[in-house]
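In what comes next, subunit A is part of two complexes: it sits with subunit B in the first one and with subunit C in the second one.
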Partner chain A sequence: MLILLPQAIVDGLMIGGIYITIAIGFSLAYGVMHIIDFAVGEWIMLGAFLGYYLTEWTRIEPLFYLPVVFVLFGLIGYLFQPVIHRVLSGKKGNPLLMALVFTFGLALMFKGLGLTIFGFYSRSIPSNLSAGSLSLEWGNFFVTIPTIRLVGLIYALTITVLLNLLLKKTDFGLAVRALAQNKEAAGLMGINAKRTNSWVYGIYVGISAMSGVLIGCTFSISAQMGAKYTVLSFFIVVLAGMGYLSGVPWAAILLGLVQSFFLIYFNPGYTLLAVFVILYAVLLVSPKGMFGKGV
Partner chain B sequence: MMKRGLLTVMALALIAAGPALAQDRDFYKVGVITSLSGDLATGGNVTKRGYDLWAQAVNDEGGIEIDGKKYKVQLFYTDAQSKPDQGASGAERLATQEKVDFVLGPYSSGVTLASAPVLEKYKIPMVTGSAESPLIWEQKFKYTFGTIPPVNYTGATPIETIRSLEPTPKTAVILGSNDTFSKATAEAFQAAAEEKGIKVLKFNIVPTGQDLTPFMSAVKVLRPDLVAFGGHDEELINLVKSLRQINYTPKALLMHYGVTEPAFVESLGADAEGVFGGSVWTETVHAEAEILWKDAMTYAKAAEDAFGVAADYTQAGSSTAGIAFQAALMKIGAAPPLSDDERDALVQALEEIDLKTFYGRLKFATEGQYYHANIGITPLTVQIQNGKTVIVGPEKDAEADPIYPLKPWDQR
Partner chain C sequence: MKNKKTLIFCAIMAVLLIIPLFTSDPFVLRIVTECFMWVGMAITWDVMAGYTGYLNFGHASFFGIGAYVTAILMMKYGWSFAATLPAAGLAAGLAAVIAGLPTLRLRGAYFAIATWALQLAIMQVALVLNITGGPDGMRLPPFLHPEFFYYLMLMVVAATFLLLWFLLERAPFGLKVKAMREDESGAMALGLNPTLIKTEAFVLSAVPAGVFGGIYAYWITFIDPASVLADIITDQAMVMAVFGGLGTLIGPVIGAVLVYAFKTYFWAYLSDYQVLYLIILGAMIALTVVFLPNGLWGTLTGYTGGKKSLKKGVGLDDASVDDTVEKKGAEHV
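After this line comes the complex of A and B, so read on.
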């Protein structure tokens, strides 16, 4: 079965790519706003359905719609953030817990809304790319790379690089990092916390929605798909270290590889168990994530 | 003190009046347990359509006729949320609070297995229109019946059909999702394949909702002639997409339930072509009925008119569950509400049913491993051809020749 080794690695990387896309925005939102958004899967679902309908109506390659989805959902997120901010900055009770409950409720609401509007059937976004694959062979070894997954990996890496550039090289990024470090001090330095938070939330929602389109091309979508991706992104972000953005790609790829190797070489029934064990072990040794840099 | 005394009297009066209120009811209270949300919402909603359609058809005729008087039916839903425990507590609620006369059963075997013991306790008969795991019938529940035969009764038929094709498939990879129904399906496929001399190269139960692409890469190396998969709708769609992405086309691809669901063809388009499935009913099946809809086509049309979507065998099976009760009630002549004795008589009547319906012959087994499952019906092999579900086996029921081997994905 050594013959499958290159394939196992490639498959793992591809799965990792998809995981990056669903977790990177989530990590950003947590790092800056300290909010665990349980609705992340639902943003993915809503984005996927927007992509689905746009493609159905116009029959244009869905990946061209990624910017449209990003802008639209970015705007929704931007406008929506003040609501979460109100909950999060409340004086009574435990605001962090309230925010958690709030986003959980949001997730339930979106799911119900999705079931009512989109119905309960599974769908898939028709993409020309999802049909093709590249095959490489040398000697006994071979690798099949599904085009759509390759695109997904490239997209994930691009987003990661762009986000890093945004955070490290721009004034906006500086403001965001300052906010993440110390809200009060940043405010004293003249940073508009509310507006910056709104932008961050907008970016996060936009990225998540775009990932939805990609997931819709690779797998299938349904109004209830959210929960699965919420759990996954939560895993990855915890593994990477809560709020530590640069850890996300590594954690995502690690999980992807674990999954791929288990499916190919061991009993597929134990794949999820393996993922849990790794998460547990990492948290036991280093509660701040793989790199010890989480919050 | 005075106040508390008054409250007690009022409460007592209510308790006394309760049964009296329940007494003069001129309709049947029908409980329905099904999953309207969660992973199994698709199938759950399909069963709901089946049950609703039956209730509507019966009420359009004025109701079920008992001693010259017609009694309507009214459905009381409980959402099992795709979770067995929710199904069980739903059953409890239907029995103790709603006090239903009988129950139309859940979608999915797992929920059925959890709800059946509860209804057994309260002695409330249930006919389920969509549970296919053999485990249910092995438990020999007295009050539970099912209109769809279990997969170990139906699963062999598609394997037989595929085995008879040229060039003969010699090897197979069989996998199933990790839930009650899908596991049973995979095991039924495995047993049938081994019996027919198809070598099973790999047999695996995989967790639900997993990305199976790496697994299929490993399968690709084995180059099996047949890939057979037990799973639910979304998983089937993902599996076909996985196979297509790694560009491996086996000679035959067999899935059980879900292939006949309209969403399968709709989401996969040309990739759905040629996929085999197992079924017990399609709208073109020959079935002359003596009750309600006169044949399969009439039912299919009624379903299309009501919901705008083609009916599949789960929906038909669910409507038939209603018909089973209807026929049994007419036989024992019990008007609502049903007493405990009448419920027992209803079970007796269900056991004795031998009825021609639009769904085919309805006859519940009264002994053996299929105890209380419908064994009156012939299992069919179906295949997606030109976007439609077509019967391709067994030979006497076939409408078209099977397409075999599968056309490679990249030539579609």
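After this line comes the complex of A and C, so read on.
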């Protein structure tokens, strides 16, 4: 049992890496636009299928398509955001509630669309890296690291660093942070809230879709996978504190560890229940996330 | 006005009561019975979404809990059907208290996520436990009396409707709930306990759903996680309520009947395109939100839930009500 411990920890870190990327864009979108996007899992699913078809047609390593998927879905998100903005700024009823309902409807629609086009089968994106793995050994302990998961972790860290640089070092990042803090004051300083929001939403959709390709190379993809990833990104974002970006990597890695330990030591069927219990405990004890810095 | 409403209600009930006298076609009875069930699911979902302003994305969990409690008590412990229904409602209510207490203190987004996660978690548990039969589901003894289930479902749904109507539209509880929805800090200043009221409303919405689940289990005689705990149950109840009009009791009833009629037609004539149904449901929610934020009933009658109830309850003039509602929109959820 103990002999599997390093493997469980390494697996957890690798899975956590992928979770970072699915949650970080989501957290960004929440922090700036205050929108809870229930369609996050569906963006991942659509991105994964785009990657799948591109790879099937051209037979080129899917990882090269990451920028293509990002740009394409970024554009879709950018063009799509005004519709959400319209719902959010509606005068009738409760706009934020309506926005939640709206994205839920979108998620349902995308899922139906996915099922219509891609069918009910599970697939995986054929990557040259899928088969390879690194093995480490010292004493009694040994660890196997699939190359693709290592790539996933590197990709996740790269995205995190890039996003951090974008937010902390550029004028655009300054505008985004200003908007997140105070929308009206930011508007008075000459920040175009609508356009900045569109960019943020575009970046979020792009990152989610790109992570979908990576998930497709690592695990399997199907039209129904969306709900699972939506719940996982919610879990990470709530655990980290809503809108608190720096907490996301830690929460994601914690989730990865929970998952790998359940997979190795307990019944994997109880993973989601464990996730719910942790979510419940965090909400009960510290609703603002593990670090108490959420909004 | 009040007499007119009572008259319409009695007329509809009378028509529904005599339907089985004219037709004993099990197909028709089954369709109408299921329609009653969806009316019940839609109005109970609306208790949370329309009256308290919290979105419950896991309504199916209560339905499923009710169904499984009935099935387990009947099959493993030999209870009679009548005795299992209160137990089903109780179990669903208990689940609501446990899930609601930590999350209802927070803003709506947390609640929405937590209820959805709860549904997925319960589905996972139902898939792995022995007592629920795992993915194979459970079989119940067949009881082939369509009329019995027709009347039972009708009575339970009508009783739920009347109970909700009384509590939310006539009793002080409804005013408390609405006050809390419109301005939570204001309601607290008046000495109300928002978390308690919200939890009560959540239980009020969960218990009938559990009972419907119990009836469903015995009626269909077969349940499995994919049929009683599926997302589609929540989604459908939600479309019905949102399409009909949130914050009213009539709206979801109308929405449920229309959406259910559409669904039946769709499945009967276009069954090759079943997944299209999901797209249509999703598109319906999205389009309703963008173009009919008050739903069908709200748009037709100009009844916008919140504002009118506020005016009625607190006696504010139009301008200040508009003001509160708009300010509220900025900070709620």
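Assume the second predicted complex is superposed on the first by the 290 of 295 C-alpha atoms of A that agree within 3 Å, B and C clash if a C-alpha of one lies under 4 Å from a C-alpha of the other, contacts with A are read in each partner's own complex, and residues count from 1 in each chain.
Here is the rule we go by: a residue touches a chain if its C-beta (ideal position, glycine included) is under 8 Å from a C-beta of that chain, and two chains touch if they have at least 3 such contacts.
Note that the structure is a prediction, hence the values are computed from the model and not measured.
Undergrad: Have a look at where A:Phe141 lands relative to subunit B and subunit C in the superposition and call it first, second, both or neither.
TA: Neither subunit B nor subunit C is touched by A:Phe141.
Undergrad: Just checking: does A:Thr271 make contact with subunit B only, subunit C only, both, or neither of them? Give me first, second, both or neither.
TA: So A:Thr271 meets both subunit B and subunit C here.
Undergrad: For A:Ala107, select first, second, both or neither according to whether it touches subunit B, subunit C, the two together, or no partner.
TA: After superposition on chain A, A:Ala107 lies in contact with subunit C alone.
Undergrad: Name the contact category of A:Leu4: first (subunit B only), second (subunit C only), both, or neither.
TA: first
Undergrad: For A:Leu115 in the superposed arrangement: first (subunit B), second (subunit C), both or neither?
TA: Both partners, subunit B and subunit C.
Undergrad: Considering each complex separately, which residues of subunit A are in contact with subunit B in the first and with subunit C in the second?
TA: 111-112, 115, 228, 267, 269, 271-272
Undergrad: Report the residues of subunit A in contact with subunit B in the complex, numbered from low to high.
TA: Touching subunit B: residues 1, 3-4, 7-8, 11-12, 14-15, 18, 111-112, 115, 120-124, 126, 130-133, 135, 144, 146, 148-149, 218-220, 222-224, 228, 259-261, 263-264, 267-269, 271-272 of subunit A.
Undergrad: Can you list the subunit B residues touching subunit A in their complex?
TA: The contact residues of subunit B facing subunit A are 37-39, 41-42, 44-45, 175, 178, 204-207, 209-215, 217-218, 220-221, 233-234, 237-238, 241, 244-247, 261-263, 266-269, 409-410.
Undergrad: Enumerate the contact residues on subunit A facing subunit C in the complex.
TA: Touch residues, subunit A against subunit C: 36, 38, 83, 86-87, 90-102, 104-113, 115-116, 227-228, 230-231, 234-235, 238, 242, 267, 269-273, 275-276, 279-280, 283-284, 287.
Undergrad: Inside the complex, what are the residues of subunit C that reach subunit A?
TA: 49, 53, 55, 57, 99, 101-103, 105-106, 108-110, 112-114, 116-118, 120-121, 124-125, 127-128, 231, 235, 238, 242, 246, 275-286, 288-290, 293-294, 304-306, 326, 328-329, 332-333
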